[in-house]
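Shared between the two complexes below is chain A, which pairs with chain B and chain C, respectively.
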Partner chain A sequence: MNSSTFAFLDEDAKKEIRRSLLKAVAIPGYIVPFASREMPVARGWGTGGLQITLSIIVESDTLKVIDQGCDGSVNAVNIRDFITSVTGVESSNETSAATLIQTRHRIPEEKLKDNQILVYQVPYPEVLTTVEPDTAKQKQMHGDGDYSKLWVLLYEDTSQYGDSRISNRYPVLVNKHYVMDPSPIPKYDIPVMNNNSALQLFGAGREKRIYAIPPYTDVRPLKFDDREFKVENFSGIACERCGATDVFFDEVRRGNKSSFFCSDTAFCDAQLEKNNAA
Partner chain B sequence: MSYVAIKGGTQAIHASKKLFRDLIHEAKGITDGELQQGLLFACDRIMSEGALYSEKLAAEALRRAGGDLLEAAFYLRAHRSTCKRIGVAELQNSNSMQVLRRISSAFKDVEGGQILGPSCDYVIRLFQTHVQDDEEFSPQENSLANSTPSAMESLRRNDQIFTLDNHEKKPYDVSRSFPLPPYPRSALMQVMSRGETGAMLAFAYTSMRGYGDVHPTIGDLRIGYLALEFTHPFTGKKVKIGEIRATACESIGSFNRDPRDGNLRLSTGFGFCFGFNETKAITMSILDMTMHHSGYSVGGVDIASNPEIVIHHIDGIESMGFANHFKLPHYVTFQADLQVLDTAVKEGRNE
Partner chain C sequence: MLLDVCNVSKIYGPSCNRCLDLTGSEANRAICPVCNSIVAINSINLTAEHNEILGIVGESGSGKSTLLQLIYQDISASSGTIFFNGLQNDRGTPLNILDLPPSMVSRLKNKEMSMIYQNPRLGLNFLFSAGGNIAERIIGSGERRYEEIRKGSLDYIDRIEMDSSRIDDYPEEFSGGQQQRIQIAKALSSSPKLLLLDEPTTGLDVSVQAKILDLIKELQQEMGFSMIIVSHDLGVINHLTDITVVMKHGTLVEYGLTDQILEDPQHPYTQLLVSSIL
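Entry: the complex of A and B
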């Protein structure tokens, strides 16, 4: 890879992104606009997360990249290869070994620590888009703390379908102030965001927005007091490969039969190793 | 086991890239010069939508992308991100363009003349060509006209043109920060100038055809060469360091009462892009006009006059990337979708 600067982006771009990140961390859940450079991978394929990663990565970092929880997924491999080729940093599949984790659609099963940063790839940064597409009105609504349209949506879904129809990207209230889009992670991962030890950064390249959840921040799903927040139900299911239970599963259908495997493949590998050692 | 197979992985990527290169042969037999000359408009579109003026890289991008213009423009955009900005060139007025072609549909005769120049407007698009007929003509040696004033100059002199107030001290720079609404006009112009030709045309067409009300007259359309001038870092003097091909279009819309003095004046719009691309410059001028003179818009559903619609949806690199991202795995979100469906179905049964 022919790159004259460390981590692909020119230094001015990195500085600008770091400034946006600082603002985002200072105001948890608040959406900060940034210029968003074009990356050599296409928009919608993780360019927001990639720009954050490249702006904060240092030589001593250990990088992990996952897509759907998997290190071996094509897009994860592609992004990891690109980042390591323009930085020379070490990469690892092991969650606990990584200092910088870029992810799409999942949070690792293993508990994160306070020396780790989790960078999310975000397609739709604005939680209000589904109920109000106009940017100016969205900004006003955030300023007023006016999330009534989201509450109405939640009410209508609950009355008609028994629960919200939002399966992923479930709206969360951050630090009791801004309502935020958590990126398309399943509801299963939402409670993990709350009071997490790691710094969580969110990058939307196409939409040119950055936001953040600092470590140990209060993150709650938007829900009615008398309703339980229900995450995906995998009760009675164990991973066919490692035997793990109580994790998020990939369902593989073959004919009429469904098989379940850990969505987090690094976790699955570790379990398997533990089983073999025992 | 099949578990591994569905995850793809490193080997699959490498194999896929190799198969792609084999599929298109990377146009190895075609030289840069042949691409730049013979596929001039392709290269110009790539530079315009890629927002980087480099004929050499445009040709290389065209080759690598197998002729896919969106993909080729994307190569240039990505390359931009690695380039450090060394400075800002001097402002150029499109009236100072060395014109190769300049026409006005508003006036029969204009100062500087109607210069038809090279155009495919009057080509009969049949494969049975009549090249012989054209060969008999020997056009005058193409002497480039310097500094041709806009054909709309007389209208401006007569105070018949509505001039928008300029609240911007210096132009916005969308490549360094992205604006929040209300969007500055200079930001909209930049986003449009690097926008996708097809998207520009489609949005402008909604306005021309009925969802909006812009029926423009082309006041001045020109293609030609613009000097690239730079302040010399040591001498401090302006020096010409090159020139770029460009297209500029000023169009005229309907008139309205100017709220500042109550006089009736004509609205106008401006379009500009790298390279020769008349469709893009004309339709950009229409969008500029409809967004800043939305008072003329009629009908309930008007898309093109809304800066919110234009600024977020006109960029080809972004929309193309996002449309294609749906090819990425969505196992986790779809798994979650199915569970929600399941819950809703069970709830329905209980009723």
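Entry: the complex of A and C
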């Protein structure tokens, strides 16, 4: 595809998004509105993440795009093809080789480094929507740090089901002030956000919102002082393809039998290669 | 002294410098003849001591509920000062709670003061269970241990003489009188210093009214907090309060011991009120 400017967006659009990003990084966890341009894919298909990626990408970057941990899914492939075609940057499946990683619903298994940026695609940026539909009141609650309504949800789940029922989009407290929606990553990935070396950027194209977690920021799940934060339990499970343990698994059901595979396909490939070499 | 209301006024409309002089009980109107502003509250002075129960009576439109809402800061005052519970800044100067920053206002409303509304829908969150509603206030006052929150909720469910098995039911599933009890439990669960009640039993069955008034009185004696009760029902005032103030056209026309006011009213309006009801 031929584009008149580098990275599809015009320079004014990129400048506006970068300004929002700067504000978001300056106030960790705070939701910043941005204009959200029309993209050649429908809103709700990763346009928030796409616009952030296009605004910050440079020629020397190496791009990786994953969807649910997978480099090969249709959405990931199409977004990667689009970005490489309008920028000419290199792409890679290898997490450690990438400098810019756009993701939906997962954080790569491999530990990220401080020269890497992780861009999340976000469907619902406002964590308070479930308990307070009024946007003016939401802003007030964020300003006051008043998250008691979210705590009540946690209380109700604990009293009626023994623990929180939230499996993904688990609310996190960022830098001891703002509570934010981490996008629909599994609970498994929540501890990885804390004190992460990489810069984490969040874009919601349909909702026109951007927020961020700077590197090495304190990120904690909301939990009661006398309760443990429990992530998905995969004890005794190994990947059927590469044999990895202690990773986040995809469950594939065939008849009555469940098979488990690494959700992070690049990690799985690397493990397999290591096994074959040995 | 717990509460000190000095010269508080609330004017709706453009307001001019003669509003306060040209309205009130002596002028026998609440609408300023010069600028047509509505003077809902006209230079009110009021104090409440610890453990004191204060009643406010008056005809509808006299400003009773408005005064309560000003103290609870559901609405903002046009002028005046309110001091509460010796609250002062770092230099020891008393703080006017009408000028507090929003974060301090919400702390005041979450912990030190509580309001019970005539309509349970204003005081309760119908999306949360009975226990959740009570928990919201306990959480709002700073508790983050699940067991303590649960214990507190159960304790207050017990105090309002409700079966503890109903703690996880939703307000929708309770009768009007029960909803009012839950509202009381919620309001008291943060152990407030001041409880504001706006027509707490209006619209309830007479037998239920009596039970709720007894409950409020018992809890007040047991826990020790001050109350301000707005009612147009002199029976309620007689049953509960130590001191009564009478309001007309936004001003106080009489202030005294409840017995005295009901037995020997001085102001012509109070005489009319007492003779027409008792």
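Quick note on the criterion: the second predicted complex is superposed on the first by the 278 of 278 C-alpha atoms of A that agree within 3 Å, B and C clash if a C-alpha of one lies under 4 Å from a C-alpha of the other, contacts with A are read in each partner's own complex, and residues count from 1 in each chain.
Just so it is clear, contacts are C-beta pairs under 8 Å (C-beta built on N, C-alpha and C of every residue); 3 or more make two chains touch, one makes a residue touch a chain.
Since the structure is predicted, the reported quantities are computational estimates derived from the model, not experimental observations.
Enquirer: Quick one: on chain A, after the overlay, do chain B and chain C clash, or do they fit? Just give me the call.
Expert: fit
Enquirer: Given the overlay on chain A, how many degrees, to the nearest 10, lie between chain B and chain C at the CA centre of chain A?
Expert: 70
Enquirer: Once the two complexes are aligned on chain A, which partner has more residues of chain A within touching range, chain B or chain C?
Expert: With both complexes superposed on chain A, more residues of chain A are touched by B.
Enquirer: With the two structures laid over each other on chain A, which partner does A:270 touch: chain B (first), chain C (second), both, or neither?
Expert: neither
Enquirer: With both complexes overlaid on chain A, does A:156 touch chain B (first), chain C (second), both or neither?
Expert: second
Enquirer: Between chain B and chain C, whom does A:167 touch in the aligned arrangement: first, second, both, or neither?
Expert: After superposition on chain A, A:167 lies in contact with chain B alone.
Enquirer: Just to be sure I read the superposition right, which of the two partners does A:262 touch: chain B = first, chain C = second, or both, or neither?
Expert: In the superposed model, A:262 contacts neither chain B nor chain C.
Enquirer: Please work out whether A:9 is in contact with chain B alone, chain C alone, both, or neither, and reply first, second, both or neither.
Expert: Once the two structures are laid over each other on A, A:9 reaches chain B alone.
Enquirer: A:74 in the overlay: touching chain B, chain C, both, or neither? Say first, second, both or neither.
Expert: first
Enquirer: How far apart, in Å, are the nearest Cα atoms of chain B and chain C after the overlay?
Expert: Least C-alpha distance: 9 Å.
Enquirer: Would you mind listing the overlap between the chain B footprint and the chain C footprint on chain A?
Expert: Common interface on chain A, chain B vs chain C: nothing in common.
Enquirer: Name, in rising order, each residue of chain C that touches chain A in their complex.
Expert: Residues of chain C touching chain A: 102-103, 106, 110, 125, 127-129, 131-133, 135-137, 139-140, 144-150, 167-168.
Enquirer: Can you tell me which positions in chain A touch chain B when the two form their complex?
Expert: Within the complex, chain A touches chain B at residues 3-5, 8-13, 16, 33-40, 42-45, 47, 67-70, 72-75, 77-78, 81, 104-106, 123, 133-136, 139, 161-168, 184-188, 206, 208, 230, 232-233, 241, 248-252, 254, 261, 263, 265.
Enquirer: Can you tell me which positions in chain A touch chain C when the two form their complex?
Expert: Within the complex, chain A contacts chain C at residues 131, 140, 143-146, 148-149, 151-152, 155-156, 158-160, 224-227.
Enquirer: Could you please specify the touching residues of chain B with respect to chain A in the complex?
Expert: Interface residues on chain B, with respect to chain A: 2-4, 6-10, 12-13, 74, 77-78, 80-85, 174-182, 308, 312, 317-325, 328-333, 335-340, 343-344, 346-348, 350.
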